[in-house]
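Both of the next two complexes hold chain A, though its partner changes from chain B to chain C.
This part shows the complex of A and B:
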């Protein structure tokens, strides 16, 4: 008994130290074997169902495929350059202040190697300076406001999807090419960065393409308003040829559910800049003939390529619904990050890259995605441009789903400004340098 | 003239929706002195329950008109299940600890219910638009309205009249008013104050759930619908005076008309118009339009 006590005293700290060292070593080994990735998307709140959750499902599908090494070439190397991807999902709901804190937690407590995230334009504007201050790598995968790289410069921050300008320029070009009559137009957009920026781009585009068209009602309900009866009366009272909206998610669904029975779309052409994501859920309640964008060549308007077949069919098989823009946009962010990590690893002898090496590899890069080629051409190589498609809705009773027809694809350079030119200035100058159908 | 009529109609439709929800909020405050932030979540639960109930009725082969009954039963079920559980099982434990503590408790409850809704119904939207088509369309001047919107106005009037009649013309109502005026004196006169508490809270839950249930056909029912309604409802009860039924009615109509006028005449000021009215009322009557200033008990 007396001889056992000192042994126990010795054994406990020794064992504790041994376990601690083993855990540390294992942690270090894991840190080198895996790439810890923070993924921030709406998992609750009104943006969850149509954007956040499809984005999460898209990320889970792609990360699963990449970790198995079963994605098509050139993405068939396991994980990121052999490093298994270890995702940490965070809910974007809760406002910009909370998101800045959550971003710090991801970098400083979770020790993630990079963060891919953010759907809300307000959140993107708030987190970009925080990542820059911490000197940590951040990809904004979805938000639309053009202001991020037009009003600031970043070293560590990138956006791998085109901003809202292309949505509105493409809508204008589509209407023009289809000879849609626009003598007057009404607008309804949400009262925050996305709604205001979209409206400004659309009005400027209309001034260029339809100089005689007059804007009338200009409604700005708050985000998540839910009740649109008064707005629908205002839109119906000021009869217009076109009703334009950048509403999305639950707001767009509620607006359509309340406006369609009141006949609002019978005498006006409905034009929506980002509506693909509500088609599966609205089904036959979606008005026929609406001109819609998907913020890219996504979903039912995606190109027929092996890469898109892999993603579209794989996602559909896993989730029993076709992928919408949120899923596409996070996929192109993850594939772009994979290209950048592997390029940086090639240059540093196969080691996991630092944020600086990662940023250098990402700048001005290009890669193929299911929705087409992504090119980091704007914002000093930090802001992407990409192709986009616009189409018209029609409910197909045989397929029991909304289909898109009369689809027109636009090249990235046709609907995005050139480098070093602000979007709104480019539109107001008459789209200088735009290349459509291979012609300037 | 046509514009004025449109503003009035739009304002009254919006006010009717708001009134049903705000009525429950003000009733609970009047009886229990609880500013119930979870009221918005109970509205959402009502909407989800109605979506499920309407779907169930349809699958059982009931005619579409019975969907209204399904929505009513859903709201009653939510109230009868959640009302007593929340009041007896949670809120009662914090009575006497100050209004701020109870405010925080209801905020916690709001967060819990938000997640509970996601656990039960998931994050995918529910659609129950069939009842929205039941009453056809109504033409007012050059504009078409959905008849269902006017059914909501009738529902709001019925709710307001029932609560007013119940409080002012029935024995139970007199007892509730006695508790509102003085808990301790009522208890000493033999009133079962605890029973009044849970009954009033349950009725408040019913009104919140009823508001959600009858809103469900107009929206896609999905996570997040509870937030906007609770903020505007607070504005309504503050304008009318916390705890006042008449105040909630006048507050709802004021907010509805102010918002409708702003949307038609100055859309940029839509949100501002609601809070401008609230600020104006608070400047001149800090206790609200229908609340008498009372001496503080020491």
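This part shows the complex of A and C:
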């Protein structure tokens, strides 16, 4: 190349453009009659299909209904306390550095009043201190790691969903109450924080509930491996009563599709900590009789309440598929935010609440969601506990879909640690203070 | 340009950026801080690229610098940002000095792949180290500068100023280095390594030195990033991160040190706005932009400024730089 000739016009005008663009964007003023809400969820990447896009669809449905004022009581006020909700969607894909940057852009450039978002635990850990530093309101709606409020304290950051401990404690309790025989168990989990944490919780739970059960194969394929031939051979060789897995999304689908034809699930009971999100896409390929969790009382295991009927049927009518975990979790975050905004507005005379007022209203609050009652009981009133359900799969040829039967619901305090106790210590101490069926 | 001209220019640019920073909105301030911290890593790639090699593993030094800083903060409570940046650079430089002589024996794709492999080894170790936060990483508190805790808006500006000054000084030193004898021999290596050996210079020695310098820059970039971000995770060493550094170097072109930072800033801006306006297809928007640059500006952003010199009579003063440009193509 000898010159940059065709682009001579680019030289100075580019600079001018950049500056005028910057000036233009600064002018975005904060409106008083609407509530601008940043929503960050996976719109691309491996977690998009399973969690991110259902969450976006859930948010769009709920925000649409709230803005029309057509949600059932007590959520029938328009928007958030009369303020129309104006969502700004951002993709969570791209790593923690990008998330911190985009979170700052949402608060400082787009002037959003609050942000609801984050599915990946790594992203949650990274953005929480950034929001705290900026003194702006943030709700984490899905990520699983217990570390966020167990390792640090926040004023402006909340998580409106229970962390991952309850998934594994509930699985153990379900197997115990159904008298599933567990002499030995095999495990296959992804080799990253989620897989390691889930495995640790499950093993600790099994030591409490099934002290004689022997762990055998402990396989840790890498995240996004896609091919599980070797692992399936190892699992088939080490015959066990139970196969436990915390795989999710595409990895879980690939594992099931590859293992089922080799008869792996005929001799062993399959136990999955989070699998409802793959049921719509797997359909009849999902083995019958698998014990699965949904990280809450969600989707096909959701309770029969008017609130859930509104959400489940409305979402299904809009999207032609029933709502799964991601959609439920963002809904409980949005409803919790609505309760907090309205409570804060009651106290400040109907003005749009400041982040401080929002945080004060959100702390220790409780509200009903389609998946049951959410209580902000842990982490000084910043971390939710919630009920959860576990069920067994069966493909129903008449309905052409997987149905869940033999469902058991667990109260929040039966499967979640009490405040001021780390989850893993609570499991290892034998679940002190757990209240199941109203009894301790 | 003479050394004095470069030095005066560097001081001027740093001063101007410090003044502009006071006027920038805070989101842009943070974006520029990130662009500068990432740009300095790509600056290291530039040093290697001038010798005809491309390192696909600068994420290794980026992560070593970042983790060295983050662990020092959390384990030993050191908080002074200046000390920490120096420490990040030194830690990465040490790793670079050890791996450099090994890597310098290889050329072309073998060098690229080996550097990539080393960074992925570190990534694998970090993901499995639960004591270091595993794949989720961990957080560090905001640092101090000379005993003053960086908080709020003034803290944001201080971190920006730190990034601008540190990367500015690094760029200034690199500009001088690339015009020194060793720097020019690096260009000769790209043209014909065999002939350089016959001239009596050690190709391996020079490339190992370039590699170690690039490692220091990578560590400094990692340290600055961690201090501003407050969070570190193994993706710092992942190949996509390394690829991004290479990309910025290509976007800038091999001619100019300052173009690296312009390219880094442009990349961050394009990514941020495409992410906002096309949340579903921002990668596509980013890809189209990159493709457009490669198609219409194959010499990179640096060729925009240089093209002007090209047309003007050179008066002999910049002959070396001009030759450098020719050789680079």
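Assume the second predicted complex is superposed on the first by the 410 of 440 C-alpha atoms of A that agree within 3 Å, B and C clash if a C-alpha of one lies under 4 Å from a C-alpha of the other, contacts with A are read in each partner's own complex, and residues count from 1 in each chain.
Rule of thumb we're sticking to: a residue touches a chain if its C-beta (ideal position, glycine included) is under 8 Å from a C-beta of that chain, and two chains touch if they have at least 3 such contacts.
Computed from a predicted structure; not experimentally measured.
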{"item": "Partner chain(s) touched by A:133 [first = chain B, second = chain C, both, neither]", "value": "second"}
{"item": "Partner chain(s) touched by A:436 [first = chain B, second = chain C, both, neither]", "value": "neither"}
{"item": "Which partner, chain B or chain C, touches more chain A residues", "value": "C"}
{"item": "Chain B versus chain C as contact partner of A:95, first or second or both or neither", "value": "second"}
{"item": "Which superposed partner A:224 touches (first chain B, second chain C, both, neither)", "value": "first"}
{"item": "First (chain B), second (chain C), both or neither touched by A:44", "value": "both"}
{"item": "Partner chain(s) touched by A:196 [first = chain B, second = chain C, both, neither]", "value": "second"}
{"item": "Partner chain in contact with A:237 - chain B first, chain C second, else both or neither", "value": "first"}
{"item": "Set of chain A residues, in rising order, touched by both chain B and chain C", "value": "43-44, 93, 191"}
{"item": "Of chain B, residues touching chain A in the complex", "value": "3, 6, 9-11, 13-14, 17, 114-115, 118, 123-125, 127, 129, 132-133, 137, 142-146, 149, 215, 218-220, 222-225, 227-229, 259-260, 263-264, 267-268, 270-271"}
{"item": "Chain C-facing residues of chain A, complex", "value": "1-8, 10-11, 18, 22, 26, 43-44, 88-91, 93-98, 100-102, 104-105, 107-110, 121-122, 125-126, 128-130, 133, 145, 147, 152, 191-193, 196, 223"}
{"item": "In the complex with chain B, residue positions of chain A that touch it", "value": "43-49, 53, 93, 191, 217-222, 224-227, 229-231, 233-234, 236-237, 250, 253-254, 257-258, 261-263, 281-282, 285"}
{"item": "Residues of chain C touching chain A in the complex", "value": "25-28, 30-31, 34, 127-128, 130, 133-139, 142, 151-152, 225, 229-231, 233, 235, 240-241, 268-269, 271-272, 275-276, 279-280, 282-283, 296-299, 303-304, 306-307, 310-311, 329"}
